[in-house]
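Labels run A, B and C following the written order; every chain starts at residue 1.
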Amino acid sequence: MAIIPSPVDLAPLRRAPAWRTAEYICWLLPVAAYFLFPTSLSLLSQMAITGLFALSLDLILGYAGIVSLGHVAFFGVGAYAAGLLAKYGYGDPLLGLAIAGTVAAAVGYLSSFLVLRGSDLTRLMVTLGVAMMLFEAANKLTEFTGGVDGLQGVDMKPVLGLFRFDLYGKTAYWYSVAVLFVFFWLARRIVHSPFGLSLRGIKQNVIRMPAIGAPVHARLAAVYTLGAAYAGVAGALLTQTTQFVSLDVLSFPRSAAVMLMLVLGGTGSLYGALIGTLVFMTAHHFLSNLNPQYWQFWLGAVLVLVVLFARDGIMGIAQTVIKRVRGKA
Amino acid sequence: MSAALQTRNLCKKFGGFSAARDVTLTIEQGARHALIGPNGAGKTTLVNLLTGFLEPTSGEVFLKGENVTRLAQHQRVKRGLARTFQINSLFADMTVLESMTLAVCERLGFGWHWWRPVGDHAAAVDEAATLLASLRLADVANEKTRNLAYGKQRLIEIALALAAGPQVLLLDEPAAGVPTSESRELFETIARLPREVTIVLIEHDMDLVFRFADRISVLVNGALLTENTPQEIARDKRVKEVYLGEALDG
Amino acid sequence: MTIIFDGLAAGMLLFLISVGLSVTLGLMNFVNLAHGAFAMLGGYVCALLLSRAGVPFLLAVPIAAAVSAAVGVVLERTLYRRLYGASHLDQVLFSIGLNFMAISAAHYFFGAQQQPFALPDFLRGQINLPGLDVGIYRLFLIGIGLILAVGLQWLVSYTKFGAQLRASVDNPRAARGLGINVGRAFTLTFALGSALAGLGGALGIEMLGLDPSFPLKYIVYFLIVVAVGGSGNIKGSLIASLMLGLVDIAGKYYLPQAGAFLIYVVMVIMLIVRPQGLFGRTAAK
């Protein structure tokens, strides 16, 4: 018997997870940046780390639609976990990342029971409250965290036992970029899997999902835990590359800023998180040198404009432009 | 033959208002069972109680003899109970094929797979494609759901429920808002479903109900007024009064 | 006893500032995190009128409220109303953006320092009772707070405006059908919320201080009041504020090492136990 070809074109679905040319080019940029801006490596490392943090928020907000004003909680937990480990003699960076990610995931899993109930508004406030609680705890438990003075004495061993953290920040840069890439690649696999598809389903229609047999709450708890682990790894990276933890890793402005970067870049595309981070931090670098107050004003103005006119961020604008150009051609 | 779906003294109160009063109902295996009643009679509430979307104030629900009253919606779906929604409840920003694959993945237990891409789950993709082809939706499979005409979306509403592989299918006004010509087509599709699938139908168009159903239950003010064959229901004075009353009030 | 009294006064001040948020959030379903910016505006207007123009305090406070209300109306007409249908997240981002702009504008015009502020003589000093020191200004705050609570409750529950507003929020289309000017009802409510913010900001300088970081520094407290009290619930906000004031002052007195930690714990527990707020309308729909 001849095989009857399916009348349904399956190619678009099969093609979706394939890497595109633009993506390869995108990942050559960090390599180029290393040679173009050899004196700004510490800023570039910060960008990679913050990019990973924004990515972690994109997983829970952009894909699963969980709103959070307190995502910084997991970043901070990871940062302190890595810092304390290194301070008390376990200074291997990869071990630190693994443990910090695990601890943050555990905190994420536990707090998911608090966060996932209730409406968006309740979620916004509970996440904010949890983050503030951790901030206050870190502020007061000075014998562990150093309080406002920060955690001193973070002593890192070489990465893989081979690469020492050097004064120029070369090791820190490559280490951060490599970790970012690995976790990005993993996130990319996840969002194209059936699990990732079910998250998009929950975001688009939370009423329908149980009616097609999906355990919504368990899925959300899973992705919230995953996002927490990612944020924890980002926090640990910051600690390891700066060999210091300041109380600032748990502060509300950091939560607000990462949300802003994600929204600026565009949610739900992974690349939006990275582009938003890049644009935000570049602008911050140049504008805040000019005048710190003006910077905050324009930051606010951009946020207002994005919400009012460009809800899909830079990625959304780019897609519209590409469509127009292709439509005319 | 055992009952596909049964309720025992099912009650639902919203504050002081009773939306379901002591409903005891049996739906036989393989039946084409219609639920009718005037607006506000509690038909959709009953469907929501059956599927677990709402929790009953008291009473019990049995699916193929198993007490499912305490089970969550998705657990009932796993046991073969699927539904459609009166107002379209779709995945607007997915392509039709994506949303169907999503539903099939959930049924086949792939929902937790986080490593291999969706497209590599051939069993799910092929079944989604076959189902779409059988509903004559193949040509729109790669369109975004939100870009489709209303009639097509209505069909996808049913397709998603079918993707859950139901043994009992609850259709809540499947043709609501669809022009008459297209609604005939829609009902032909429903009529073609295999006989093993038990169907519970809520519908206002009496022509369609009497042609399609082999059993009819009449709900009034949240309570079961009567249940019988279409012929008997057509002759029942009380049913006429209920509908006449509505016509006079309206 | 003095702790209880100071706690009540602090709570009443919190009520004065946050009740406006409760109004916009509860009645209009808009998450306006820029509420603190409106309070700050009221504070600056009041402080400047006092120090530069020599306007008496009792006149400066209502002017501050009026200015906040006017700015509120302008922003509502131009920006806020575009976001009534938007998600809570969009509203939050938008109002955080406004906060940032307000903070740097305040920096630019008034500098980073605390504004000098002196109460008029008749509100200064203390009445010393046996076992209780009563600050006159705190007594004044408690009085104003009570008057406002009663007045607002009456406005929302018993007047035609209140009824129109509740109808507009519950079902804008039906309200329009009944001939209610929904847009105007929203504008007025927003103006009311802003005026209350400005009033609270002006009255709060004495106890909270006033500098450009104000909008973010206290936003969490406002949110807690609304969260615990149940949004749109005036009695709830009042009781929540008083509780919070008491917990805060007592905590600072008896458990200084815990700091603000206690407050956040209370908030999170409240949100989990009663997501609609302690006095919220449970299952209204």
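Quick notes on this one:
Quick note on the criterion: a residue touches a chain if its C-beta (ideal position, glycine included) is under 8 Å from a C-beta of that chain, and two chains touch if they have at least 3 such contacts.
All values reported here derive from a predicted model rather than from experimental measurement.
Most remote from subunit A, judged by the distance between CA-atom centroids, is B. Comparing per-chain C-alpha centres with the mean over every protein C-alpha atom, the closest match is chain A.
Rounded to a whole number, the gap between the C-alpha centres of subunit A and subunit C is 34 angstrom. Averaging C-alpha coordinates per chain places the centre of subunit B 48 Å away from that of subunit C.
Taking each chain's centre as the average of its CA atoms, subunit A and subunit B sit 41 Å apart.
Counting partner chains per residue, subunit C has no residue touching two or more of them. Put simply, subunit C touches subunit A in their complex at residues 31, 79, 82-83, 86-90, 92-94, 96-105, 107-108, 216, 220, 223-224, 227, 257-261, 264-265, 267-268, 271-272, 275.
Contact residues on subunit B toward subunit A in their complex (touch as defined above): 51-53, 72-74, 77-78, 82-83, 85, 89-95, 97-99, 101-103, 105-107, 110-119, 121, 124-126, 129-130, 132-133, 138-139, 141-142, 160-161, 163-164. The touching residues of subunit A, when paired with subunit C in their complex, are 61, 67, 69, 114, 117-122, 124-126, 128-130, 132-133, 136-137, 139-140, 252-253, 256, 259-260, 263, 293-297, 299-304, 306-308, 311.
Residues of subunit A touching subunit B in their complex: 6-10, 12-17, 189-190, 192-198, 200-201, 204-205, 207-216, 219, 222.
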